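For reference, the structure discussed in these notes is given below.
Going by the order they are written in, the chains are A, B, C, D, E and F; count residues from 1 in each one.
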Amino acid sequence: MTGLTHFDAEGQAHMVDVSDKAVTDRIAVAEAHIVMSSDTLALITQGRAKKGDVLGIARIAGIMAAKKTADLIPLCHPLPITRVALDLTPDAQLPGIRISATVKTSGQTGVEMEALTAASTAALTIYDMVKAVQKDMVIGGLRVTLKDGGKSGRFTAP
Amino acid sequence: MTGLTHFDAEGQAHMVDVSDKAVTDRIAVAEAHIVMSSDTLALITQGRAKKGDVLGIARIAGIMAAKKTADLIPLCHPLPITRVALDLTPDAQLPGIRISATVKTSGQTGVEMEALTAASTAALTIYDMVKAVQKDMVIGGLRVTLKDGGKSGRFTAP
Amino acid sequence: MTGLTHFDAEGQAHMVDVSDKAVTDRIAVAEAHIVMSSDTLALITQGRAKKGDVLGIARIAGIMAAKKTADLIPLCHPLPITRVALDLTPDAQLPGIRISATVKTSGQTGVEMEALTAASTAALTIYDMVKAVQKDMVIGGLRVTLKDGGKSGRFTAP
Amino acid sequence: MTGLTHFDAEGQAHMVDVSDKAVTDRIAVAEAHIVMSSDTLALITQGRAKKGDVLGIARIAGIMAAKKTADLIPLCHPLPITRVALDLTPDAQLPGIRISATVKTSGQTGVEMEALTAASTAALTIYDMVKAVQKDMVIGGLRVTLKDGGKSGRFTAP
Amino acid sequence: MTGLTHFDAEGQAHMVDVSDKAVTDRIAVAEAHIVMSSDTLALITQGRAKKGDVLGIARIAGIMAAKKTADLIPLCHPLPITRVALDLTPDAQLPGIRISATVKTSGQTGVEMEALTAASTAALTIYDMVKAVQKDMVIGGLRVTLKDGGKSGRFTAP
Amino acid sequence: MTGLTHFDAEGQAHMVDVSDKAVTDRIAVAEAHIVMSSDTLALITQGRAKKGDVLGIARIAGIMAAKKTADLIPLCHPLPITRVALDLTPDAQLPGIRISATVKTSGQTGVEMEALTAASTAALTIYDMVKAVQKDMVIGGLRVTLKDGGKSGRFTAP
């Protein structure tokens, strides 16, 4: 199965051997958004200014989820994460919230999955806290926008 | 903060008191998709027929993630899940994979978050296994399409 | 070993058989405090008003920890928690933060351990976020103040 | 928010970037105690000599909890712990049990939180096993007594 | 796939729907053994009498593992366990340790997997603590000896 | 307690201090088997060719369990695993399935426990998926067959 490194020559899944890879500084950034009505967005942004910090809680959920990535994604290597940061920005055009998650490590493999897991968990946490007022919110645009460090070099998405 | 039940009158987050809610049969269905190139999709679907079962592994990851939902989403109640099933369908039009996750429980609160977590983790697992050949895949359309059981009644998305 | 129900007649630890106990509504309240300098307390309370919500994050950590209690305390039964709420109150007299955690369930055994775990984890989380400015903070007064529901009846601490 | 390194310039929580810190040997010692009646203490110490090893089980719970620290404390970095040891000493003066937890690592950040988590979980485990005979035990004196290794130097509490 | 209930008509794995099953009292007993040299066994049994309680720690590990079963076994349902007990008996004939694990629940599906997971984890914990003196120990005889409660009736192994 | 390094001079369990050990490449291989009737084995092997991939799911469960080893085995050190691979081979002579698990790390202590945990969890997962048709399957032969790297040198079992 050319290219799918998570399978051996017999097509059996394995956690890829990274023991010969160099320990290098690695970074990944992932983003996502959650689309909601303007009224729902107003509830969140008003709460942020006054009380009931939806975005603050989603940020913590994303940070904690990054640390659980290897527990969630079957073939992911456990990694000593050295940084996790999330930005959650209300966007009236969407309308909704834009999420960006940055993860760093010094390790033998990249942290794209950690960044994606942080961003998606933050989005799910927003959904959970707001679903009493709106059930048809949609999460989308979950993707990697930057990956650097390691042999495969720098990747950026437009 | 009208409507945001996860916050009390002072705006402090709490896990909502569901102890007076009836134990009823509840179901939720969530869906998501991951968009990739036709070539990448072909690698997955060929592997499925022959060897290297990307979709089978993503399905297992989604089922296991449903059981971790209360561990990931801060204000979610732990629930005795009674069923989890995922459908992962290649879609040449997308091109990519369409994911649907169904979760059931007999409990005091709904299982939307479990279904959403299952669907998003299955999508992330596909990303992980295929990222060596394509990094700019995008996960989207993550939403609840059915919720039933409990006081708030039946919700369906078009 | 009279009274120590977690050990059988041979002195071997076991998870006590609660299968014949009635499922009843149960509640427990635990409290704790963390003592710090007035200057450190001011950093926290100013941050709360403006930015950097130490107490909001500690509250979330306490809620999530309540759900992990059976994973932390070896002989604790897993329980379907139906409510978790934490109050974190700055106290200039202490000086420091007073923490109160309330947990409810409908189950076959009590939730004292869940309330204690929530309170102590909230206190530890405050310590973690503030330790860069003060290392000699002390956590104390961790105890159960209310327990009700179940055969052993109501317990209140003065 | 001067000094509170867990918040960025905008007051948003993040897991602090430690990727530029040196990997050094680090140690932390934390202590706690649990106060109970002399009769309860006697039950524990007699059990230790004969059967029903409360302190042995609390020690194991503390060791295992140290490994879960990054899962409990939101902004804690995951660390490759290289040693955990707990001393649990009956103290007739207290009366109760004194707990000391020592944790070591070779890493980019300290292990105070791991030592504190080990000590508090050991105390909570004692509470759990003895609560059938005494409910008004109090856990206190939870603090760091030694921290060494890393840029901020050696800290000792009197 | 006749009989393999964990797969649907299309051969796709799912967590079986148990929502229509009755909640009944269920029990399962599993056993295992670990074979070692007489010298190694003597180290364990002497330690038990004096100091260094290998069997006590293995018992706690087994109890805690029973609570993690649904996290380890992909298609297992989470269950509210109501009892876990382990017997660990030195057997000079083996020579080694015989392990028996009993688990109870009131639920919609059985607890065989919980009993098996408890027994195997206790055996693995013994291996871990003794491997410094003997590496060629073998764990075997891991099986269910009793299962009762639920529609499929009572099963006993000779 | 000569030789049992997991206990200190007083017989108290601790997580052994490995902070002075060199970080070296380490590998361990463990094996196990599960014995069943020929009919049950046929169900599995037919499913593998057609649909219902019991062995594929057991392989994933084993890989994920390797990452949970330090969470299951009380005195195990957390380790940055760099490779996990499992072979599951039907054996008509047994009759049943033979399992082999290989784990690698670059760390300060060995990965025997990770390999054993992967093999035993894969065996338990097979049991879970097939138990509807046969309850008296037996898991055995769980042992380490290779360990290399680190000060104690190479160990191979015949």
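Just so it is clear, a contact is a pair of C-beta atoms (placed from the backbone, for glycine too) under 8 Å apart; a residue touches a chain by one contact, two chains touch by 3 or more.
This structure is a prediction, so every number in the text was calculated from the model and none was measured.
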Interchain contact steps from subunit D to subunit E (minimum; 1 if touching): 1
For subunit C and subunit F, chains touching each: A, B, D, E
Comparison of B-F and A-F (more C-beta pairs in contact): A-F
Contact-pair overlap exceeding half with B-C, pair selected from A-B, A-F or D-E: A-F
Inter-chain centre distance, subunit D versus subunit F - centres from mean C-alpha coordinates, in Å: 31
Distance from subunit F to subunit E - Cα centre to Cα centre, in angstrom: 15
Sequence positions of subunit B contacting 2 or more other chains: 12-13, 53, 56-57, 60-61, 64, 68, 71, 74-75, 80
Listing of all chain pairs that touch each other, if any do: A-B, A-C, A-D, A-F, B-C, B-E, B-F, C-D, C-E, D-E, D-F, E-F
Residue ranges of subunit E touching subunit B (in the complex, touch as defined): 8, 12-19, 70-71, 74-75, 77-80, 107-108
Subunit E-facing residues of subunit D, complex: 53, 56-57, 60-61, 64
Complex contact set, residues of subunit F against subunit A: 25, 56, 59-60, 63-64, 66-68, 80-87, 104-106
Subunit D - residues contacting subunit C, complex: 1-7, 10-13, 32, 43, 46-47, 50-54, 57, 60-61, 64-65, 68, 71-76, 112-113, 116-117, 120-121, 123-125, 127-133, 135-144, 147, 155, 157
